[in-house]
Amino acid sequence: MADLQVDVDALAAAVVANSLTIRALVLLAGAVLTFFMQTGYAMVHVGCVQLKNTKNTLITNVFDSALASMVWWLIGFGFAFGDSDSSSNPFIGSDGFALSGSEFRGDDPSSLLAIRWAWWLLQWAFAGTTVTITSGAVAERITWPAYAMYSAVFLGFIYPVVVYWAWSMDGWASPYLSASDDLLSNCGVIDHAGSGVVHVSAGMAALVGAAMLGSRHGRFIEGIAREMPKASWVYQTLGTLILWFGWFGMVGSIGFGYTSGGDSLVAARAMVNAAIAAGTSCLTCVILSQLLDTVLSMEAANNGILSGLVAIAAGAAVVEPEGAFVIGFIAALCYFFGARLLVKIQVDDVVNASPVHLCAGAWGLIAPGLFATGELYQGAYGVIGGREQTCCGAFYGCSGDQLGAQLAFLVVIVCWVGTLVAATFFVAKVTVGLRLTTDIEDVGMDLSKHGGLTLAAVTGVPPVLQHLA
Amino acid sequence: MADLQVDVDALAAAVVANSLTIRALVLLAGAVLTFFMQTGYAMVHVGCVQLKNTKNTLITNVFDSALASMVWWLIGFGFAFGDSDSSSNPFIGSDGFALSGSEFRGDDPSSLLAIRWAWWLLQWAFAGTTVTITSGAVAERITWPAYAMYSAVFLGFIYPVVVYWAWSMDGWASPYLSASDDLLSNCGVIDHAGSGVVHVSAGMAALVGAAMLGSRHGRFIEGIAREMPKASWVYQTLGTLILWFGWFGMVGSIGFGYTSGGDSLVAARAMVNAAIAAGTSCLTCVILSQLLDTVLSMEAANNGILSGLVAIAAGAAVVEPEGAFVIGFIAALCYFFGARLLVKIQVDDVVNASPVHLCAGAWGLIAPGLFATGELYQGAYGVIGGREQTCCGAFYGCSGDQLGAQLAFLVVIVCWVGTLVAATFFVAKVTVGLRLTTDIEDVGMDLSKHGGLTLAAVTGVPPVLQHLA
Amino acid sequence: MADLQVDVDALAAAVVANSLTIRALVLLAGAVLTFFMQTGYAMVHVGCVQLKNTKNTLITNVFDSALASMVWWLIGFGFAFGDSDSSSNPFIGSDGFALSGSEFRGDDPSSLLAIRWAWWLLQWAFAGTTVTITSGAVAERITWPAYAMYSAVFLGFIYPVVVYWAWSMDGWASPYLSASDDLLSNCGVIDHAGSGVVHVSAGMAALVGAAMLGSRHGRFIEGIAREMPKASWVYQTLGTLILWFGWFGMVGSIGFGYTSGGDSLVAARAMVNAAIAAGTSCLTCVILSQLLDTVLSMEAANNGILSGLVAIAAGAAVVEPEGAFVIGFIAALCYFFGARLLVKIQVDDVVNASPVHLCAGAWGLIAPGLFATGELYQGAYGVIGGREQTCCGAFYGCSGDQLGAQLAFLVVIVCWVGTLVAATFFVAKVTVGLRLTTDIEDVGMDLSKHGGLTLAAVTGVPPVLQHLA
């Protein structure tokens, strides 16, 4: 009898270890897929710029990954998740720098430690892809030192703080706060895979950066927008499809970082919602481009996909497929008319990062306040004590508490990121210089900055061939 | 003692939950990899068309993914797997439309529900890649409305019905029928990952479409085939390798949708067989091209890989590696001489989709009737009552029952898909118009239909550069 | 009571089966990601050659995958892991040819067999990517028969023997030897994911091949190196990022092939170390290129990533992140100055495979002898009896035993691979011919060997456009 009890206890421990191992492996798989999005953005961006900036654009994306390894390791993760036992600071983390501390190197069972290391890797991949979004918006005219300065500050401070607010256990907007009295708008924000944390942040940085830099030469001539040559539709589409591929990993895995969300049903529903929102948004954009511009626009199709994915990120785990459909549909409108507005106000966002990430992201962050269902909220966040009856979406019978939390968080990150990114670019302007000289911009950076043979630099290539790729 | 029993029961439930979670996660991973095949087909297709149709080809592939989200969600999955309790209709499903019904939203444990949502996603990915195969065959001359009509009908009706027949629990050709008297040819069809369901269907649609459309201008001049410029070998090869990568996910995961096939050994053997069949077929095609055409043909190498993968899909889980070798070898012959036959009958299949998917797919569907072993059949299908001794391959000591089932299913899907696709294209012809006007075809669709700057359209590009990409 | 015991025993078996299933699935996922590296190398290589050899370069990479399927299946795996019960031969395996033998087809539980089939697939993927590394170094001037001969011999004999030495249970350098008296330098070699087995082997083959072939026409003119046109920076960067993506699968999964290393913490730490080493090496190379060449070199950035990944492969599971940082930093120096040395000695390695794989690989193989910690060594290798106190790195308090093992293994594989590859190329030279004729090299192989339309062949393309892609 005693022996049997020992056997059962050992078995129980083995079963728990298996569960934890599964969670760690899902996080690792998600990290790898999320990291692949770096490739997606590289392809989208290099497809959207002029051939004369091919190397410059590619190296920027590669550099962001590399810099993320350093900055996220040394300080970013610590600010984003560092969980100091002594205090419950709602603003910024203060532990786990350089993968140190008992959280990573302590004596806990290896299956628990594994989850933390895997979580670090997933969040590293998130950070790298987030910062690189902005690089597309400011391409072709920003100086390299200014971009490097922005990238380091964003990775090391601006972004991790936003992460801490929503995704840590102690952030002021976190739905995971243990003391329910402290919950933002009695609920905390729902931002599963980062419509707000990732996309509003990156999109706002893109908008501020593109506006402060001014437009590329020739983009607006006497107030009329001129289409600039883009290197390759093939690269853009390849990149977009790689991003969709990676997105499944992102929305499917992140829940496994939390005790409550580590559930294959949460993952499966989030991924199905991503498929539906992306498809809806793509079709809507294609139809809009046909109706309003009388063309089936490749750019609308691709950015339609991305906008749907951006918008579903926040609510993927807590909305029904019908909700995902509506979210995708409205995301398309946000992108489509956001892009037109951008032209009207003469901001030159080379890859349309702000319509995709800021406009669709803001809508996506608001959406769970309308479409979250109580049952799914409970499933994804493991809430107890009736919160699922007060923190679901306004369209699903709850009060506006959740909607209030979403709006409050949106306003704060827009202000936070906008202010700090503007300050960073301002400092860059007065120190290392923000914008290339006219000569260098016209010739392209590949010739002047990156060495080796280049196409456009060697001359002899008629402008018409700039589309070739 | 009673306490211990309670502990053990709880443990048993936790162990089952872990198993189900693993199954769901494998299906999700498989879905993501299968979805990535969309990227593979996009790259293969854009590499095979002329530069003047770059955008048109890309947008078609993207559009198929987006449309699949809508159509598969609203009706496709319901027709393919909708398992109405009241009836056991052998022809078409009738439940689960729009992800509704107790199957998806009922009170079952979340680990069970997760498998169903994950299965939906995997099957969505299958549907999207299947319909897009055909787009390559009809490229460069089909009107957009005609293609959209085909795509919607194929996704919403033609294809899901075929799926139901072979992969549901109630289809007339399904090996999972509970009443063994009803089994097709006493066995039901073996079509693990769709040599028939996916590839014969798509390949037949490709053949019918390409034949009804007629060849591109300049493809056959006075009966002599002329090689048309292809945009890029790099894109073709990138696409082919992406497809191989995704294929592993497809053949490895689909078994986990069934209680009987959710076994890592089944998955591992299927994936190993895919590696061997693809390699064999590639080498055979390369050698054939050297012997018969005195060149090492890139197209033969790439399509050799795809043909081997197409052919192994049906039997991947039930044949030994030696069987996979023979299947790959004969798949190469099917493709190689199928492609020559196509030229002889002057059908212009831009990407050779019919030799790859119809010829090699038909062979692949027949092959398990010859090469399935009883032991592996039992492992993959969990059959009881001696079926493994009568339903294995003719070369492994069984009677011809299984071979009969494979042949019967092949004939039926060829007729079903051929008739309905022909009818769809006919309706398109008399309503929206099937073929582009000569002028538009010659200029390319990028200029006339998709807006923005295009390469070939802006003139000034010598034809020789059309190969550049 | 007896019933309960039966229940508990059944449960215990189910728990073990779940654990084994997880291990098999991780190996399969790792195999798929590792296989995708084939795509990465294809893109890197095709981006580095001149446009006139586009098809030739692509078909070589595809061919290597296909040939690996055949050769690894028939003989390679048997030499690499064939575990003959009767003898404990330290030099070469002798069982498991053509996936035969009780190891693969015996009566063991399916979850055990699954691990072996999955292991085969992972090792097949390793073999295919290893052999293809060399193809980049010898591109643009080697004859097809000579390359095919090299590829078959390397896959079938040279490489599997090296694998056996370090990764089997009986190899002379294996850390898994049961008799501790036989351990190389009392420790056995630490080469987790192959800095030595994979990269030193492939890099040595690349160096020998490139040196024996001589440089491409025009690469060195009167002793001065001339930069040759490269087809596309986009392809190179796409390939590099795909390789990084696949690398995570490689370093994360391989431990699951061993009872001792099948631990999610080992995987997570290895993957985190890969991120840190790659990022460090990339940044270091970028800074070096700015300081020494006054450009931000794309090639330095990309090859910096690869060098960091190559170097961390051996020690990924046993070093702390600080160790990974130093390893990545020094890997960058190895690559950067290795590439310069190569120019100085006028060896024309088209893709710089030898600085990346041989220089950084050699450093990576030595590194665990300095940076392995005892605790992590114990975790990854499951050693008992105090080996973790004598076989860790010299910087972490152990004696030089481990360092001695690393150095000994390095010297032996350099000699083994160097001698045999030189012999193979020599045989090729005197039989089928090693180097293309001048005419064919100047025109490019696409025209003469691979049929169909080609760009450069059709003439009319000004040399300046050779960069276009």
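Per-chain numbering from 1; labels A, B and C assigned in written order.
In this section, contacts are C-beta pairs under 8 Å (C-beta built on N, C-alpha and C of every residue); 3 or more make two chains touch, one makes a residue touch a chain.
Source: prediction; values computed, not measured.
Undergrad: Copies chain A and chain B touch; is their interface built from the same residue numbers (over half shared) or different ones?
TA: different
Undergrad: For the two copies chain A and chain C, what rotation in degrees overlays their C-alpha atoms? Round to the nearest 5.
TA: The best-fit rotation has an angle of 120 degrees.
Undergrad: Per the centroid of Cα atoms for each chain, what is the distance between chain A and chain B, given in Å?
TA: About 33 Å separates the centre of chain A from that of chain B.
Undergrad: Which residues belonging to chain A are in contact with no fewer than two other chains?
TA: Within chain A, residues 1, 4, 8, 11, 15, 18, 22, 29, 465, 468-469 contact more than one other chain.
Undergrad: Considering the complex alone, what residue numbers of chain A touch chain B?
TA: Spelled out, the residues of chain A in touch with chain B are 1, 4-5, 8, 11-12, 15, 18-19, 22, 26, 29, 33, 227, 229-230, 233-234, 237-238, 240-242, 244-245, 248-249, 252, 263-265, 267-269, 271-272, 275-276, 278-280, 282-283, 286, 289, 293, 295-299, 301-302, 304-305, 321-322, 325, 379, 462, 464-465, 467-469.
Undergrad: Quick one: which bits of chain A touch chain C in the complex? Just the residue numbers, please.
TA: The touching residues are 1, 4, 7-8, 11, 14-15, 18, 20-22, 24-25, 28-29, 31-32, 35-36, 38-39, 42-43, 46, 54-55, 58-59, 61-63, 65-70, 73, 98-99, 110-111, 113-115, 117-118, 120-121, 124, 144, 232, 235, 449-455, 458-461, 465, 468-469.
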